[in-house]
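Heads up, there are several structures right after this.
Below are two complexes that have chain A in common, paired first with chain B and then with chain C.
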Partner chain A sequence: MIALLKRDLALALRAGGGFGLGLAFFLIVVVLVPFGVGPEADVLTRIAPGILWVGALLAALLSLDRIFALDFEDGSLALLATSPLPLEAAGLVKATAHWITTGLPLTLAAPLFGFLLSMETTAYGYLLVSLLIGTPALSMIGTFGAALTVGLKRGGLLLSLLVLPLYVPTLIFGAEAVRRGAAGLDASAPLILQAGITAGCFAILPFATAAVLRINLR
Partner chain B sequence: MLHVTNLGCARGGAAVLRDVSFDLRAGQALILRGPNGVGKTTLLRTLAGLQPALSGDVTMPEESAAYASHADGIKTALTVTENLRFWAEVYGLTFDAAILRRFDLADLRDRQGGTLSAGQKRRLGLARLAVIGRKILFLDEPTVSLDTGSVAMFARWLQDSHLAQGGIAVIATHIDLGIDAPALDLTPFKSAPGTGGGTDEAFL
Partner chain C sequence: MSWTRPVLPWSFALAGLCLVVGLVWGFFFTPDDFRQGSTVKIIYLHVPSALMAINAWIMMLVASLIWVVRRHHVSALAARAAAPVGVVMTLIALFTGGIWGQPMWGTYWAWDPRLTSFLILFLFYLGYIALWEAIEDPDTAADLTAILCIVGSIFAILSRYAVFFWNQGLHQGSSLSLDAEQNVADVFYYPLLICIAGFVLLFIALVLMRTRTEIRARRIKALQARGQHA
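Entry: the complex of A and B
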């Protein structure tokens, strides 16, 4: 498992791996919003939690179709399927690698981008925590979606259509936690619900991922 | 060590082969022959467990088989050594650099996979089989894009380091590898079109 994680991280960091793409996309979304809604600070402050969460979610979506597609094309997915590493573990590792290269940088950069949207200072901690809890679920759900569409040509759009509705609960609770934090309210309820979604995803989806991979490899 | 009895397999939901049976003991190899589309790849994929059998049984020791497909599974952004070390680690082994010499890859060890020629990639793909040290090999056209020297080198490795050590190999190939192994022509096992056309399971 560690070998696969190391390989995926090395591949993501090398030329053509797409590392940083999501982060750059996130930055552009955040920079574009004030152009669209106007520079009034009170409007931006109000919508900042929602914009930051939607931006992070779309940025995570951007690199999903690479999770299995490259391994499928060069044949290493079939070789992995016949190796001693269970496909369930491979799915878990793929999701983890995606989170480390996408979700984690987004989480760490988000407070900086919150500054660009003049977010409420009390909300920064909640933004960091809610993204830290929520983005692993985005990666795991996305890995499942990528496994579903792995054999398809131009599966990227279908992948987005499949995955985005599944992102809704995480988005709702994530943005709600930041909004409550900004308003100085207790945000533990949405954070706990979000943690539950993430834990549930990691408990169930590696098995679902392996099952659909086996079908797609036939 | 490898027993195949009345195996039937399907591709894309349609039955391709039926009643394939053979037995291989340690140290034996079997060459699969037959025209394009007869089901050599399908049989090998079924044996390797990538797709379910329609009927029949395959028995072999657990955790002993390895599969090599048309595609070599080489990561273009990783070097030759990194590619092989990855597979060694997946199989819980340590990578022995002597294998690089065996497959004439020593000079290429730090080259990125993407810069290799087709034949060099194939040699790297075959070197993976030596790295992972599995006893039963299912090889699908292992010599495609290899020059004659490399084919001889691979045949030598297969004979001396694999079969002589008690290994087994089932090889689909159109050329003469020059190893001592019986050939099995798959044409007589061809499933008549439209019969046994797969369960729902096979359709998935």
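Entry: the complex of A and C
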């Protein structure tokens, strides 16, 4: 498992791996929003939590089809399926690698982008914590979606259509936690619910991912 | 397939009968509501279609589970056949709700939990149908969509309760529920029940017809494949 994780991380970090692409995309979304809604600081302050969460979600979506596509094409996915490591664990590792290369950098960069959108100062901690709890769920759900569409020639658009509705609960609780933090309210309830969703995703979705991969490799 | 041939025309006829009786009764022979006026009558389309939009998904979930466990081909095809009917039901519910909402709430659309969860349900249907259409091999498509339906159901329920957390509602409570003392006033209740029966029968008839079509299409494909080999 560790070897697979290291391999995936190395592949993502090397040239052409697309590391940093999600981060750049996130930055562009954050830069484009003021052009769309106007530069007034009070408007930006109000919508900053939502924009940051939606931006992080879209940035995570961007790199999903890389999770399995290359491995599927060069046959290493078939090798993984026949290896002693169960496919469920492989799915878990893939999701973890995706999180380390996209979710974690997004989380760490988000407070900086919050500064660009003149977010409420009380919200920074909540933003960091809610993204830290929520982005693993995004990676795991995305891994399932990527496994569903891995056999398709042009699965990218379909992947977004399948995955985005699944992101709804994560987004709701994540953005709600930051909004409550910005308003100075108690945000523990949405954070706990979001942690529950993340834990549930990691408990169930590796099995669904493995089942779907087996079907696609048949 | 054999038993559906005699059942099909009957279910269509009964659905038509129930809908005609229920809608005519509901539209022309019930009094106007004292606050909502005649707009209340859209309930005869809105409630049954919303009910069937959810039931169609539940039926797809059951059919998907049967396909995953027992690998009965008809159940996969029935799930596929039900999806477009469910989409149309969802759209009918959303549109009739909007038409009713404009005079009553002063808006066609509000980000109310129920409305939002229906929109999310609509997106789930779209994804499900798109996945069916995207995969060529029928067995692979059936397997993948079945798993999507099962996982999607979990997330649909999660979303349903998550949106309550996110925004408080404008939509009134359930028009019908099994444990309520009284649901809606009796004058509206009986035609509504007939309309619901009509929608259920219509759904059954449409799904049966579409499933039969799917089975025939599958047979034609098999025959063509055999013809090419010979």
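Basically, the second predicted complex is superposed on the first by the 218 of 218 C-alpha atoms of A that agree within 3 Å, B and C clash if a C-alpha of one lies under 4 Å from a C-alpha of the other, contacts with A are read in each partner's own complex, and residues count from 1 in each chain.
Throughout what follows, contacts are C-beta pairs under 8 Å (C-beta built on N, C-alpha and C of every residue); 3 or more make two chains touch, one makes a residue touch a chain.
In this text the structure is predicted, and so the values were computed from the model without any measurement.
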{"item": "Contacts of A:L127 with chain B and chain C, given as first, second, both or neither", "value": "neither"}
{"item": "A:I67 touches, of chain B and chain C: first, second, both or neither?", "value": "neither"}
{"item": "First (chain B), second (chain C), both or neither touched by A:V150", "value": "neither"}
{"item": "Which superposed partner A:A81 touches (first chain B, second chain C, both, neither)", "value": "first"}
{"item": "Chain B versus chain C as contact partner of A:I215, first or second or both or neither", "value": "both"}
{"item": "Which of chain B and chain C A:P169 touches, first, second, both or neither", "value": "second"}
{"item": "On chain A, the residue positions that both chain B and chain C contact, one per complex", "value": "215, 218"}
{"item": "Residue ranges of chain C touching chain A (in the complex, touch as defined)", "value": "120, 123-124, 126-127, 130-131, 134-135, 140, 143-144, 147-148, 150-152, 154-156, 158-159, 162-163, 165-166"}
{"item": "Chain C-facing residues of chain A, complex", "value": "144, 148-149, 151-152, 155, 158, 161-162, 164-166, 168-169, 172-173, 176, 190, 193, 197, 204-205, 208, 211-212, 215-216, 218"}
{"item": "Complex contact set, residues of chain B against chain A", "value": "48-52, 63, 65-78, 82, 86-87, 89-92, 128, 132, 204"}
{"item": "Residues on chain A engaged by chain B in the complex (per definition of touch)", "value": "2-4, 6-7, 10-11, 14-17, 71, 73-85, 215, 217-218"}
